[in-house]
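Consider the two complexes below, in which subunit A is the common component and subunit B and subunit C are the respective partners.
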Partner chain A sequence: MQFVEDQVADVTILTPQFTWLDASNVPQFKEAIQPHLAQRLRVIIDLTPVEFMDSSGLGAMLSVLKRVDAGNGELKLCGMSRKVRALFELVRMHRIFEIYNDRQEAVKSFEGVMEASE
Partner chain B sequence: MKAIILAAGRGTRMRPFTTTVAKPMIPLFHTPVMELLVELLARHNVRQIMVNTSYLAPGIEGYFRDGAHFGVEMAYSFEGRKSADQFIDEPLGSAGALRKIQTHSGFFDETFMVMCGDAVIDLDLSALLDFHRRQGATVTVALKEVPADQVSNYGIAVLDEHQRITSFQEKPAAHEAKSLLANTGIYIFEPSVIDLIPPVGAYDIGSQLFPRLVESGAGMYGVALPFQWLDIGKLPDYYQVMRQALCGEVHGVQLPGHSIRPGIHCGLNVSIDLEACEIHPPVYIGGSSTIEPGCRIIGPALIGPGCIIESGALVEESMIFDYTRIGALASIRNMIVSGDYCVDSTGLVIDLQEAKLDGVITDARTNLDLEPNTSRELLELLADWGA
Partner chain C sequence: MPTELKTQSVLRELPLIREFLQTQLSGMDHPNLTIPVIDAVILATIEAASNVMKHAYADVTDRTMLIRIVQQDETLSIEILHHGDRSVPDQPADPDFSGLSEDGFGLFIIHELMDTVTYSRTAPNWQSILLIKKLV
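Coming up: the complex of A and B.
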């Protein structure tokens, strides 16, 4: 289980290299994302490749948010498929996370980033 | 007067609902769409109705039986076979269905009506018959003008100045359409038409028989009488029709149950405290449901019989079918929830078993304490968050 890591100014963008997140791969997900979160204050997870999550996958996203919050960081999500978005809405997680259509929007939403990256 | 209702389709574009319910049996509140058709036919003095069945035939045949409850005579022409306790459907196409019945008994010995079993209509069938007789038609097609940007969803008929059909276009692009008159799947036939159907194999009325009729120069006419035509072909159609039904916009369909407040109707034995929850009409709540204090239901919404809407849950512009528990943390917006599925207003399907959201939406009859709750961890995390 891997993530592609991109950097725009001080924003780290993580793109999962898997298409689903469920009970079968959540333990690997949690382990694999750890090093990508260390020392990062501004993180975007671009969920474009992810077509499906089950309740364990949704729970794993909450644990990531908890971890980033605990380090006083900010986590934003983007690139959700309609299905993943619908699952988030079903359990009201769309009100817990900041969600953007694409990574450009998500990057712009961080204060001061445009100036730094332009 | 005689009629045939075409009810043998698989309804693939209406899955997952049609995996267990035949498309003609899809309900508006408690009434299958096909029952509305049978009632309409009966009101226009059609007394003998044949139904061709195939896929999920027992559901249709067991409901209507011999038609006596509906003031008509009904029988079924089953297209398939039974093998090792399994029904194997072998549909013959809409025209093939007519041929099979005719070969069997010669049932069609006078002018008769043909209808698809999956549309909600309030057409004046007597006026259609008058038109048919006045024109001396062999076939009359009920047409409906559709917006130009929707012609590509329909079979389009082109008429001459005498309302004779000169050609058909099957799902034309908007700029190629020669008319805006859609074939609604409601016809009047003379029995002689059946002679044009080949003796074996599946054969379709719209795409095969009609072009042949046009070619043969048979008297084929079309007329666009004013009527409401709600085609339930795809999942988003069903959501829209249910919404209209809740708003009182479907002719002949009213909110069932009794009114407990303007625009809020209930069946019997509903547990609800209107002062303790937020409910905006129009809402229908089926019998024996439990509406817990502290939930929100924003109409147009339907809560089926035997449902439980837990305290804190939100149901907004949605239809929740029989025996569904909507958990405290759930937010159901613009959806149909039925059995193991949520389907949104655009037709997106969420399989609740696959998503393991059984603690969020589940069958109201399960005892959650006795079942493995695969979403417990998520619910605990969400509760921590004060969601």
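Coming up: the complex of A and C.
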């Protein structure tokens, strides 16, 4: 299970290289994402490739949020499919996560990033 | 005529179950079986199947599960048959929506997305979870 990691100024954008996140692969997800979170304060996960997520996958996203919060960082999500967005809304997690349509919007939402990257 | 998938009680089978459901439901001819309805039924079934594997079978991975689909004029029924314990409550408490808890959403999702959820014993040593979606 892999992620493509991009950097825009001090923002790290992680794009999963898998199409689903459910109880079958959550342990691998949690292990694989750890090194990408180390010492990162501004993180975006671009969920564009993820076509299906269940409650276990959503729980894994919450664990990432807690980890980033614990380090005084900020996590934002973007690129959700209609199906994944529906899951987040069903369990009210759209109120917990900062969710943007795409990575440009998500990057822009970090204060001072556009100036630094220009 | 029901369509059926026989599978093992192991979480790595979930993508296979999802693919089976996607293929079968997408091929059914009913005006109210729209993409959002199919997505909802698939998610509810995956949550229920996952619960059976993790709780009813307590992570014992070599047991049998059957997923059975029956479409009638007014309903779509998905039945999960297994030999495990009937350890799932009929009426789940609301999960923690605060973001502090990473689990406890599965039963809520199943009950929110389906119209009827019934747990029963159908034959000696067989437990059934019947998920029904109205198509009217």
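By definition in this document, the second predicted complex is superposed on the first by the 118 of 118 C-alpha atoms of A that agree within 3 Å, B and C clash if a C-alpha of one lies under 4 Å from a C-alpha of the other, contacts with A are read in each partner's own complex, and residues count from 1 in each chain.
Keep this in mind: contacts are C-beta pairs under 8 Å (C-beta built on N, C-alpha and C of every residue); 3 or more make two chains touch, one makes a residue touch a chain.
Source: prediction; values computed, not measured.
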Quiz prompt | Clash-or-fit label for the pair subunit B, subunit C on subunit A | solution = clash
Exercise. May I ask you to decide whether A:E89 touches subunit B, subunit C, both, or neither, giving the answer as first, second, both or neither?
Key: first
Practice problem: Name the contact category of A:S24: first (subunit B only), second (subunit C only), both, or neither. | Solution: second
Exercise. May I ask you to decide whether A:L58 touches subunit B, subunit C, both, or neither, giving the answer as first, second, both or neither?
Key: both
Exercise. Would you please give the residues of subunit A that touch subunit B in one complex and also touch subunit C in the other complex?
Key: 22-23, 52, 54-56, 58-59, 62-63, 82-83, 86-87, 90-93, 95-96
Quiz item: Once bound in the complex, which stretches of subunit B touch subunit A?
Solution: 329-333, 342, 344, 346, 348, 350, 354-357, 359-361, 374-375, 377-378, 381-382, 385, 387
Exercise. Show which residues of subunit A lie in contact with subunit B when the two form their complex.
Key: 22-23, 52-56, 58-59, 62-63, 82-83, 86-87, 89-93, 95-96
Quiz item: Which of the residues in subunit C end up touching subunit A in this complex?
Solution: 11-15, 18, 36, 39-40, 42-43, 46-47, 50, 53-54, 95, 97-99, 101-103, 105-106, 108-109, 112-113
Quiz item: Once bound in the complex, which stretches of subunit A touch subunit C?
Solution: 20, 22-24, 52, 54-56, 58-60, 62-63, 65-66, 82-83, 86-87, 90-93, 95-96
